[in-house]
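Here the chain labels run A, B and C in written order, and each chain numbers its own residues starting at 1.
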Amino acid sequence: MDTISIRAPSISAPRATVRHRIRTRLPASLALLPTALVVLVVYIGCLLWTVRLSFTSSALLPKLDWVGLAQYSRLFANDRFLTSAENILIFGCLFISGCLILGFLLAVFIDQNVRGESLFRTVFLYPYAMSFVVTGVAWQWFLNPGLGLQKLVRDMGFPNFTFDWLVNQDMAIYTIVIAGIWHGAGLTMAILLAGLRGVDGDLWKAARVDGIPTWRVYISVVLPLLRPMIVTATVLLATGVVKLYDLVVAMTLGGPGIATEVPAKFVMDHLFERNNIALGTAAATIMLIAVVSVLAPWVYARYIRSQGRLG
Amino acid sequence: MSAVSVRDVTVAFEAFRVFDGLSLDINEGEFIVLLGPSGCGKSTLLNAVAGLLDVSSGQIWIGGKNVTWEEPKDRGIAMVFQSYALYPRMSVRENMSFGLRMAKTPKPEIEKRVNQAAETLQITHLLDRRPDQLSGGQRQRVAIGRALVRDASVFLFDEPLSNLDAKLRNELRVEIKRLHARLGKTTMVYVTHDQIEAMTLADRIVVLKEQKVQQIGSPDEIYRCPSNLFVAGFVGSPQMNFIKGRLKGGDNGLEFVSGKRRLPLVGYQFSQKQRADGEVVLGIRPEHLTVADVGTWSDFKIDVVEPMGADTIVWCSDAEGSLQVRTNGCKGSAPGQHLALGIDTTQVSLFAANTGERL
Amino acid sequence: MNTIEPQGCRPRRLTVGRVGVYAFLLTAALFILLPLWIMIMTSLKPMDEIRLGNIVALPTALTFEAWSKAWSSACTGLECNGISVGFWNSVRILIPSVALSIIVGAINGYALSFWRVKGANVMFGVLLLGAFIPYQVFLYPLVRIFSMTGIYNSLLCIILVHVIFGLPTMTLLFRNYYLGLPIELFKAARIDGGGFWSIFFRVILPMSTPMLVVATILQVTGIWNDFIFGLTFAGRQNLPMTVQLNNIVHSTQGERAYNVDMAATMLAALVPLVVYFVSGRWFVRGIAAGAVKG
């Protein structure tokens, strides 16, 4: 072939490839290095360390012995932990469904072309800007039977009115639910409202031409369209449920008695106050398993499967 | 020596091979158009030439240099994108000079080149504006200006006119052609799915389909002698008429037969000797059919008439199916009318029915 | 001339439905505003009035004494320097944490969306999963690591913790934003000879203003409202406002001064509330983006 003569002594492709890749991608790799280290050390390393500690007999200081599942059997015989688990289930179900229902209603009503829409939106969402500690303290004050809501209603002429949930062993967890919904409903509303605004306007026109009542359109047409937003809101609220700690600490300190203990608080107490590291890490591991088994399929479907763009 | 040479290039994303051993030589000063439907790999090829995409194997040569592993900036290329890709936070002047500033070119030189390019493209008055203050056509001019400033020997265009409306598209098309003529020795590689752009701009067209080169040739060759059914159908509007049939031996050599329709193939240039009795597809462009009172094929009835101004498309059919005919619009043809069609045998194309290749 | 009346009656402006809509919205607004109202009212009353009076009523003897007490002399355990100490601690934690986490997030997002680095997507996937895992899983080993390196219970420690746990959201935020930018811009910049950092600083960062605003809102409220990290990592000298507030409210000495508690609560809520009211729609955008939905 006549082109052979112009084939300059080219460097062989594989070596050139490596050099090229290093030259152009080194800065990008270096930039990601700190994050990669954090992922490795904190997100993977610390997690494994915690799991490992849950199989030891560590008390005040960490030990690396092996006691098998002993801590777990202690854990599931522990009243405080069982109450925590039960509480988080109650709180989780009521809080998520409460936020979704109230948030959906608020979003739908705001979507009715009302006056002062932005004012309503601002009012509904402001609790979300506040910390759980503030929320907890505020609701503790509002619901305390001596000077709060109960006294208010009694003074209004209902002397037999009783609302002592905050200090009632059986009902205290529901006050936490109320405070939680107060904090999170606006967020749900904001997410669902964004979804409602994304609904194709022609759909409404079509429904109107077909003579379908508004509420029916919301239930049969709009609600299914809002599915991704509902999923998003649910996931967000669910992560809030697992992290539930500050609110309880500020509002009831887990009391009365152990009536409002939650797993996060159980772990914190055993790690940093009760000097029972092994039991604390065992409880943390149970939390981890619960979260991962619920969320892993969702995260997989949402992100890992649909990675960034090609090229 | 060729300006751009793609040698046995393979591009792969993960396990998926976009190209497998593709080769292409482009001469200096040539205007090459890569034409194909979306997903045919034309943009991928352009990105590989630009160095925006790593090739898995093979080499890319530009201006006699193996640039397979060079950085895009060192390849002596400039590129214009469909979405203009103007840096939104920079003025037009800053946009055009960004590359030169990156290369630490002296200020007076930058000034000179930017002004020159702006003058060429008549955008001098826009130099201090932001991209968002420009119209689509102006933005694309600026993008071309940014390429011009780079003083590159090869220009790469990635569907540069696809975001513009029809009128602006025609205007800028002429502008690009003029620019190519004025720059003289500059090679241009232009990717598009628009056959009119391809036909009007190209010295040579490369037709791609499913990551494979279908045909390389001048617009005229591509149009008159499409090398397979795909090219024949993709290029030309309205589309070429395709008629399925068989080859039969007749008194004067081979004859095309499809039901009642028969066409003696006197004067048709076969690429190799054909035997009779093969399944074939006959391709006739609408303008190579003539409306006549007595023609090669008769008994057609007009279905639809589409006047297009300069000419008229007549859809007519017989028992075998319908055909499009392009006529000079003056004749008063109306649906329901009967007519016969004359055929210029030297202008038709024949394809093997099984492979789709030209015979 | 006869005009033909249209069939059916003209729609009325005010229907039962409309009244219902407003009634629902106003009731909900009242429910949601009530705690804030009660907090403010309580903080402006003297204790006597609180004990005797109505919790929602306006103060008869308006006083700001509780506010000044909360700010400068309320007791958190043994010390009685008010919540101002916590306020300044929070500020000192907030500024570097917000700045650092946003910078790191932007660089990560940029590297992930425009540069193909081997293994980067795996790393990103792990990081995202990490965002859902309860902090309790990481806390104890992290405490050990920080004590071993000798920075446990310091300002640096709490800042690092905020940056570490801000990574998933910040990275995701910027990655998704950058994936939405036309890739051609990046290609054009590559042809113009830009490298990793020059493209970031000269082309990408100038286009990131909206996300920088959103990220700032998100991080300012998030870090200001943090309780658990401040409690665990900051050390006695650097306890943030939320922790101090909790200590004031639950300090067991003497009779509880509800007006001071509420004033302190209001003070602790002030920064995020101001951010919220000033930023308006941006705040919502921040939540939507931070909602790990992209």
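Remarks
The rule is simple: a residue touches a chain if its C-beta (ideal position, glycine included) is under 8 Å from a C-beta of that chain, and two chains touch if they have at least 3 such contacts.
For each chain, UniProt lists the protein as follows: A = Sugar ABC transporter permease; B = ABC transporter ATP-binding protein; C = Carbohydrate ABC transporter permease.
Just so it is clear, the structure is predicted and the values come from calculations on it, not from any experiment.
Farthest from chain C, judged by the mean position of CA atoms in each chain, is B.
Summed over C-beta pairs in contact, the chain pair with the top total is A-C. Averaged C-alpha coordinates give centres for chain B and chain C that are 55 Å from one another.
In whole angstrom, the spacing between the mean C-alpha positions of chain A and chain B is 54. Between chain A and chain C the centroid-to-centroid distance comes to 15 Å (mean Cα coordinates, whole Å). Shared interface positions of chain B, i.e. residues touching 2 or more other chains, are given as 47, 52, 71. With touch defined as above, residues shared between interfaces to two or more other chains in chain A number as follows: 311.
For chain C, the set of residues touching two or more other chains is empty. Residues 25, 27-29, 31-32, 34-36, 38-39, 41-47, 49-50, 53, 62, 102, 105-106, 109-110, 112, 114, 118, 120-135, 137-142, 147-149, 151-152, 155, 182, 185-187, 190-191, 194, 228, 232-233, 235-236, 239, 242-243, 245-246, 249-250, 253, 263-264, 267-268, 271-272, 277, 280-281, 283-285, 287-288, 291-292, 295-296, 299, 303-304, 307-309, 311 of chain A are the ones that touch chain C when the two sit in their complex. Those residues of chain C that touch chain A in the complex are listed here as 18, 21-22, 24-25, 28-29, 31-36, 38-39, 42, 50-51, 54-56, 104, 107-108, 110-113, 115-121, 123-142, 144-145, 164, 167, 171, 175, 179, 183, 195-197, 221, 224-228, 232, 242-243, 245-246, 249-250, 258, 261-262, 265, 268-269, 272-273, 275-277, 280, 283-284, 287-288, 291-293. Only residues 182, 184-185, 187-194, 198, 202-203, 206-207 of chain C touch chain B when the two sit together in their complex. Across the complex, chain C is touched by residues 47, 50-52, 71-73, 77-79, 81-85, 87-90, 98-99, 102-103, 146, 150, 158 of chain B.
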